[in-house]
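All chains are identified by letter, namely A, B, C and D, in their written order; residue positions are counted from 1 within each chain.
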Amino acid sequence: MPITTSDVSEYLRKVAEVLAENKEYLTELDSAIGDADHGINMDRGFQNVLRKLPAVEDKDIGTILKTAGMALVSSVGGASGPLYGTAFMQAGMAAAGKRELAAEDLLAILEAALKGVLMRGRANLGDKTMVDALTPAIDAMREALENGADLTEALDKATAAAEEGMKATIPLIAKKGRASYLGERSIGHQDPGATSSYLLIRTMAEMAHAKQA
Amino acid sequence: MKKLINKPEDVVKEELEGMALAFPELIKVHFEPNYIYRADAPVKGKVALISGGGSGHEPMHGGFVGMGMLDAACPGEVFTSPTPDQMLEAAKTVNSGAGILYIVKNYTGDVMNFEMAADMARAEGIQVANIIIDDDVAVKDSLYTAGRRGVGTTVLAEKICGAAAEKGYDLKQVAELCRKVNINGRSMGMALTSCTVPAAGKPTFDLAEDEMEIGIGIHGEPGRTRMKLKSADEITEMLALSIIEDEAYTRTVREWDLEREEWVDVEMTDPPFEAGDKVLAFVNSMGGTPLIELFIIYRKLYEICEKKGLTIVRNLIGPYITSLEMQGVSITLLKMDEEMVELWDAPVKTPSMRWGV
Amino acid sequence: MKKLINKPEDVVKEELEGMALAFPELIKVHFEPNYIYRADAPVKGKVALISGGGSGHEPMHGGFVGMGMLDAACPGEVFTSPTPDQMLEAAKTVNSGAGILYIVKNYTGDVMNFEMAADMARAEGIQVANIIIDDDVAVKDSLYTAGRRGVGTTVLAEKICGAAAEKGYDLKQVAELCRKVNINGRSMGMALTSCTVPAAGKPTFDLAEDEMEIGIGIHGEPGRTRMKLKSADEITEMLALSIIEDEAYTRTVREWDLEREEWVDVEMTDPPFEAGDKVLAFVNSMGGTPLIELFIIYRKLYEICEKKGLTIVRNLIGPYITSLEMQGVSITLLKMDEEMVELWDAPVKTPSMRWGV
Amino acid sequence: MPITTSDVSEYLRKVAEVLAENKEYLTELDSAIGDADHGINMDRGFQNVLRKLPAVEDKDIGTILKTAGMALVSSVGGASGPLYGTAFMQAGMAAAGKRELAAEDLLAILEAALKGVLMRGRANLGDKTMVDALTPAIDAMREALENGADLTEALDKATAAAEEGMKATIPLIAKKGRASYLGERSIGHQDPGATSSYLLIRTMAEMAHAKQA
């Protein structure tokens, strides 16, 4: 079963819901090593995505994702706004004109999104950022697909890897973003951006399961 | 949380409404996207200066919009950087054709949002340069972090570059001057109390009745160290010496190259202070510290500068770059040359800085 | 007690030392007795304006010494009125022969100390008039009390009368103008937190996390009522309506009669505000309340004035008459005529108020 | 035994001591209905009196008292500075040229002092001020002397009356000074200025006893 435009819209709605639920949790994480707004930022951004969505729902997936990216850019602010905004905009470019996505298409789109994050934020793996959740997730998905897994399986693998990557940020010293000012004092705290990235991946896997059932 | 506000989510909007009503002859305010701009913008033939950042640092930046300083300011949510559409729309409004300088404090969020805005403005045919302000000596190394934060020097750069633009400097010259101000300015701050972000509703950090935080940022970021409260003289000495004895600081920042028309990595080094230097001394309240205490700090700072062979040729004392109602102080020293002194003295007419007119 | 000070007993001395170092081109500071005076005093042919009061209200009064405003300011200990020898010495220093106006806030201590100072100055051949500022509508009746306190209108009177003296008004004219400003100005303040007098070391009063005090004075005097915290709009409305709906207020004050050369009791009545009035709106921080909140207050104040038919023709927004680090706000409305507007706009060059030059 | 110049100097030293001891008590009283500085003000003032005293100790009583008054005026500030300052200066005028005082002279001096307070502050009896302690004290002293009492006895009567007057300020509504802003809220608190006045009178009585012994 390919991914359809309405799946993508539904995904964005689900993400908005998940982030609203996790607003305080993400903010709590950010208050330890940042400025206590990551949950607030992400929630504000996806509420804006919800507002822009109806106007493009009948368009192609590329347009929907680009619109989401622009909605994020123009409402999140902070570090995560340009990062997630660029990610969705690059994803939209990779999906330009498409109305259906196969598993491989989704992988390519996620790779484009990650490239966008890296281009914008220039973080390296291990810098204690969202990259530490996104990179292993996409690697795991690629490997699973190469080994013949189906979309649901591949996204399960990605989710597990994202979760592991997210947890692995705990002992790291932050080298990018606001948390880097803390130096050693950033050790022992989970990165909020890696956590929101994990939630974004996990929501994909959950949707795949729901669709299969 | 004790604040004179209505709903936390309306703070920035209502603040801007108040400003618009208070200073109609100086500024106008555009809503959605939010930006404050000179009432007489665009000013023919003049390079336009735009800055911005999270709200909660008033009067910076909105209070510095006007003749001789900024052409526009883009306020984000409290302590959250603004979004590129704000800077883009502001640029379109104030651009007279002579180009735009974005003055950007070095926070990952601000830097990235301004970069996107610059790219977007260029896509619309507007010439844009960007200069990063990173003057906070509380952040030690730059190799493995996002680098030093932009704090007090920002205010001084906006004044000096604003005067230069008014005098007819072109975009490249204003950008160069801004870079010069930045590498010659250094700051360090401390807090006696935390501030409370309205949306959060509780203090960002807790300090005991006998504690203070040294090396604080302007967003309630934890500082370099927490220690027992000391006297004003001791605190002034700690801050001033961190600044004066700071060694050459080298970092790489991303700037737009106006000739090559591409983003380039530029390495820059701050020259350390030396005996014989002329400086501007800026003693800044974090918001909740009253003027009477700032004068006590200034008194000691003057003495220390004298002892170190630094001559204070200009000063600025008051709440200019704040953290909501936080009690505390920051000190900025800016090494001045004749050009900078002359531009500092040039007329300025904004809601919160005004002289010579 | 969290303050950026050294020893509590040195606060005023060190503050004055800091001011002297900060503004040598504008002011000079004399120690023992303490007073701040214009660097170019005495100004030939000009009536000299002197004010003073307890310290802790910075920038008032010392920050208002300079061209177009005060000739001298006499700071007492924190929240304690200065002593007559300060006013006497200040008068001798700034007197150019055109006479002296003492602008006195209506507190028993200030009034009596200034009266003694006036008598002493006259004994030395200096012509002195005195005008009492009593604009705080939080104090209800005057028959059985020391009368209304002098608060926000003081700042406005100093600016307006300073401009008049600069323009060549003689002593009688400046005194008359000052009286006019006083009876046309009304103020009301509130506090979110108490302040701490350095010598006392602990807050003057306690307010619970959800309480505020309405009708507060500028010395941490308890207010008219204590109540649950409200929104900025509700608070603004309470303060503004207390002022706008205040009825004609009559009291008797003791003034020196320049012609009869004796102390006389003068009865004066404040005219109530009426639709159609032009006003200056002054939103003042008590010290710890940041600018962002003042704009939220101003926004609502503007709306209320509009609804009541009052046109705001000028405004002043910021910390000008404070209570150390107290969080809170006061509102002053001053009914303006053309003369007052023109004098308000006239050039002023002091440490804390500066425009037109 | 008449009162000598050195008695007057000693009296001023004793008062300085008593006020230093009662500094916090007086400030405490002032914090309830004023601005928490009366003890600090009085202590600062009499410390200044101590500094000025040596230079005039060999002068006449009038000069000593006037010097004390001027020392108070130039160091106390607030309401109590001009009030007590005027009181001592007026007392000094009444004692001009004298090197010894009989009981009647002291009464005349105290009457002059009170007149100074009334002229300066224009308070009425019952306004909850220092006048409420001073007036009954002087009345009692006058009456005692008229009835043939000696100085010690007369000052004991004055002290008792001052104490009573001081306590009688508790239920009053303040009508003068800073406390008057409180209106009804000033009820139930003892006036700080009445209290310092009581201490000044009591110290006289104590000295008279000591001298007699």
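To be clear about the criterion, a contact is a pair of C-beta atoms (placed from the backbone, for glycine too) under 8 Å apart; a residue touches a chain by one contact, two chains touch by 3 or more.
All of these numbers come straight from a predicted model, not from anything done at the bench.
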Separation of mean Cα positions, chain B and chain A [Å, integer]: 32
CA centroid of chain A to CA centroid of chain D, Å: 79
Rounded Å distance, chain B centre to chain D centre (Cα mean): 57
Overall pattern in which the protein chains touch one another (line/ring/star/complete/other): line
Chains grouped in pairs wherever the two touch, ordered by label: A-B, B-C, C-D
Complex contacts: residues of chain B adjacent to chain A: 33, 54, 76-77, 79-85, 107-109, 112-113, 115-116, 138-140, 144-146, 149, 197, 199-200, 204, 217, 219-222
Chain B to chain C touching residues, read off their complex: 2-6, 11, 14-19, 21-22, 55-56, 58-59, 63, 192-193, 209, 212, 229, 231-233, 235, 287-299, 302, 315, 317-319, 322, 324-325, 327, 329, 352, 354-357
Sites on chain D touched by chain C in the complex: 27, 31, 34-37, 40-41, 44, 73-83, 85-86, 120-121, 173-178, 180-183, 185
